[in-house]
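Please find the structures below.
Below are two complexes that have chain A in common, paired first with chain B and then with chain C.
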Partner chain A sequence: MDATSFILPLAEITIAGAIINASVHFVPVGGAPAAMATSTGVGTGTTQLAAGAGFTGLLAAATMASQAGVSLANPVHMLLIMLSGAVGAMIMLGLTMLIGQIIYVYGIGIVPAADKCEKDPITGDIQKPYITPGTTGHGIPTVCFVSGSIGAALGGLGGALAYIALQQLGFAAAIAGVLAVGFFFMNAVLASYNIGGTIEGFHDPKFKKMPNGVIASFVSSLIAGAVLIGMAMGL
Partner chain B sequence: MDPTLISLGALALAGAAATVSGCAEDLESDVGSQSNPNSQVQLGPQMGNIHRYFNKAISGEPVSYGLYVAVAGTIAWALINAGLNAVLAIIVGSGVAAIVHGAYSVSAFLGRIVGQSKKFGQPVYMDVLTSHIGPIVGHGFIAVFTMTLAAYLATTALGNPFPLPLVALIFGITVGAIGSSTGDVHYGAEREYQKYPFGGGIPVANQGDIDIYAEYGVRNGLDSSYFCSRFGGPLTGLCFGLIIFLDGWRSILGNIVGGDLVTKTSIALLVGLLVVAVAAVINRKLEVYARNKYGPYRN
Partner chain C sequence: MSHGGGGHAAELFPEDQVLAIGAVLSLIGIYVAQLFPSVSMLLGGLLAVGACVAGANTTRRVAAYGLGTGVPSIGMVSLGMGTISALAGVLIPAAFGIPVLVTPILTAVIAVAVGFIVGKLTQNPVGMKVPIIVSSMTKLSLMGALAILGFCSAFAGGFSADIIINGAISNGVIALAFIAAGMAILHPFNACIGPDESHKRTMTLAVACGLIAWLVFSIAKLDIVSTAVAAIFWLYTFGTFVKISLADACEVKYVPELPKKE
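And now, the complex of A and B:
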């Protein structure tokens, strides 16, 4: 394998890692407190929700990439695979947030409200009066839904890009899938260290820490990419 | 037969299997008190609430379900490659996964509850262990079987290039993420705190003050699954079923409309974006409904 054929995949893997890390910061995750309607967001862990969405995107991207006539050397086809991943992940997270919202409103009887902003930046609704005293918001207000959709799209995009790069390195679809899952988890976990529990979305003050996470993922993905190239060369 | 029709049939079956799977997964996690609301069951004895809930959350729901479904998928895959009928192979694989699940549940329950016995006086009720383990393993079997079936359909009829064990692992992680995001909210914020008036989140000051009495007698995990099977469980199933169905349907729709690769994929992408946009609009409608119906807590 000559040098030029692995520089592009290495760059793609590194960028994919940084995108996956950035994506996790957009996903409104409230962890166990959100399952008790004590904080705003979806009631599960950061890594797990981002991974659930990202993997649905990965399945969509892999199905697209395996279609007859798709060439990984064609930039248009690469773009279509990445967009397939993005839309697949958006569907997963969008429906999860919607069904969660139905349970919050009809099963728990709460008003969706964000604690980290006075007014919803998208709808302009005032938030504070609707928050149950003693909690830090609850449910999935519109700003969280929009932020989550952006995060899911980025996650699907990043996962698909990593998958494309692994296929360009010569791995079979099955092996590329296993490696992409591991690679996604690595970057999602790095992001969750940066977030440290809960985040509401792009309006949350913790979102400002995103550049640190992206740099960390950039470096670790570069190293992971070098190891993967070694594997592809049979070292 | 027309390949499109076969794809549509397989997709419908996969969607139905995923719906059953999501529902069974959520109800299993309610009986076994796994995932997020488990933090409250764990906190209960420290707040003086001696309870008879099962308690088995050592890892999160997505990770543990990823394990079970991957076990089932791996064994089924090996048996299919050895020449066994696919349905039988999936049943055998799910059976082994159910045994793994049972072993995990027993050790997790004993470990968690014993950890609270000496300091907080929480007894280890052996009858809770024996009465809950059947419904846990049974619900778990249904969830794992239907999910492995959906994964098998995805690899054989819906054009997924990954091998069965990997698709099974991904489906397991996804269903765990959905179950703990949606159904657990109904169990955690509503069922565990029914002595507080309906409506509103659980203030931090009330956390750990879980209900230990049910409609009759002392409450246990079986009551939780009875309660949650009327709302949280079915909605979780609907969520996973819709995701599998709509994500597959948009690609098949592109194939039906036809054209070259770019046209077909563009149609699939546009339909997917439309689904997300509709979800966003309904989400907003629900938010407005709740604001008007319930009103503010303070003016």
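And now, the complex of A and C:
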């Protein structure tokens, strides 16, 4: 294997790690308070949500990559694989947020309202009067839903890009899939440690911490990429 | 007593001791699986439980500081780094013409290096305020890698690339190793966390979780002897865990009532 054939996959893996980390910051995570409707977002942890969206995206990308006639050498086909990853992840997270929202609104009977902004940046609706005192918002307001969809799309793109890079290095589909999952978890957890608890989306003050997480994932992905190339040499 | 944000409960065994025993046992198990494939699941699977227990012990120690993201995240990052390290240990010897017997050692070395670097990154630039995060990430990465390699080589009957790739990776068994070993590492403390957490109870559950992971692999391999042995061991440990839980609950239940008058 010559030098030029692994510089591109190394760059792709490093960028994929940074994208996965950035994607997690967009996803509205509420944790246990959200499960009790006393905070905004989906009622589970960052890692689980990002993993769910990421795996669906990875499966969508892998399915597209295994279609007859799809070649990794063709940039248009690569773009198609990445887009199918993004759409797969968006469907998963979109449905999770939609069903969660139905339960919040019709099951618990709350008004979706964001605590971290005066007005919803997208609809312009005033938020503050709808927040129950003692809580930090409820449900999944429009801005969180849009932010989550952007995050899922980025996560799917990142996961698909990592999968493409691993295939380009010559790993079989099974090994590339397993490695992409491990790689995805590493970066998703680094991002969740950067967030530390709950985040509403891109309008949340915590979103400004994103560069730290992205730098951390960039470095860790570069190292993981170097290890992966060492492994690929034996194939 | 152990709770999020606080210190940790009194320890029965020092962490490094558990870690060393877990690492040595799982390494022996991996070599047994390679050298004696006929007993790979019986002995290799049993000894891989050591890595799960040591990982669960480290999880208990680091998660007691309160990570802010829940206990499962540390188990998942452990297995994420572990998968890459374990596969690196399997595939790198073939690339550089190193004898295949160094695979477990190489896996451990790569896992320690990756864990240390990721741990450093969680401190700076991410800024985790947990004092033992670097050492814990290193240990968890090592235990995740040894658990994955342990269960996979026990299932495939060896760790050389030709055996393990067809026997445990291409058929998807590594996904089972990922989630079963991951649960065994993250679940014990996640289940026992709270103001009355005790090291003994958490560790008993850790052994039970490791054994049930072994039981799942034995059933998947259709290995009657190891299935029977694992089932007996698991039933015994889980029974002990239930007894300890009931005894601890009893302590809480029989707190004397407050006097009605001063």
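The criterion applied here is as follows: the second predicted complex is superposed on the first by the 234 of 235 C-alpha atoms of A that agree within 3 Å, B and C clash if a C-alpha of one lies under 4 Å from a C-alpha of the other, contacts with A are read in each partner's own complex, and residues count from 1 in each chain.
The rule is short, and it goes like this: a residue touches a chain if its C-beta (ideal position, glycine included) is under 8 Å from a C-beta of that chain, and two chains touch if they have at least 3 such contacts.
It should be emphasised that the depicted structure is a prediction, and the values quoted were computed from it without experimental measurement.
Once the two complexes are overlaid on the shared chain, A:F184 sits against chain C while remaining clear of chain B.
Legend: residue contacts after superposition of the two complexes on their common chain; A:N212 is shown touching chain C, with no touch to chain B. Judged by the touch definition given at the top, the superposed model places A:I223 against chain C, while chain B stays out of reach.
In the superposed model, A:G45 makes contact with both chain B and chain C.
When the two structures are aligned on the shared chain, A:A73 is found in touch with neither chain B nor chain C. Note on chain A: of its two partners chain C and chain B, the one contacting more of its residues is B.
Contact with both chain B and chain C is seen for A:A174 once the two complexes are overlaid on the shared chain.
Of the two partner chains, both chain B and chain C are touched by A:G31. By the touch criterion stated above, A:A3 is placed in contact with neither chain B nor chain C. In the superposition on chain A, chain A positions 31, 45, 48, 51, 174, 178, 181 are in contact with chain B in one complex as well as with chain C in the other.
Residue ranges of chain A in contact with chain C, taken from their complex: 31, 45-48, 51, 172, 174-175, 178-179, 181-186, 188-190, 192-197, 211-213, 215-216, 219-220, 223-224, 227-228, 230-235.
Touching chain A in their complex are the following residues of chain C: 67-70, 72-74, 76-77, 79-85, 87-88, 91-96, 110, 114, 117-118, 121-122, 125-128, 161, 165, 169-172, 174-175, 178.
Within the complex formed with chain A, the residues of chain B that make contact are 35-37, 39-40, 60-63, 154, 158-163, 166-167, 169-170, 173-174, 176-178, 180-186, 188-190, 193, 198-207, 231-232, 235-236, 238-239, 242-243, 246-247, 250-251, 261-262, 265-266, 268-269, 272-273, 275-276, 279-280, 282-284, 286-287, 289-291, 294-299. The part of chain A that touches chain B in the complex is made up of residues 31-32, 34-38, 42-45, 48-49, 51-53, 55-56, 58-60, 62-67, 69-70, 76-77, 80, 83-84, 87-88, 90-92, 94-112, 123, 125, 129-135, 137-142, 145-146, 149, 173-174, 177-178, 181.
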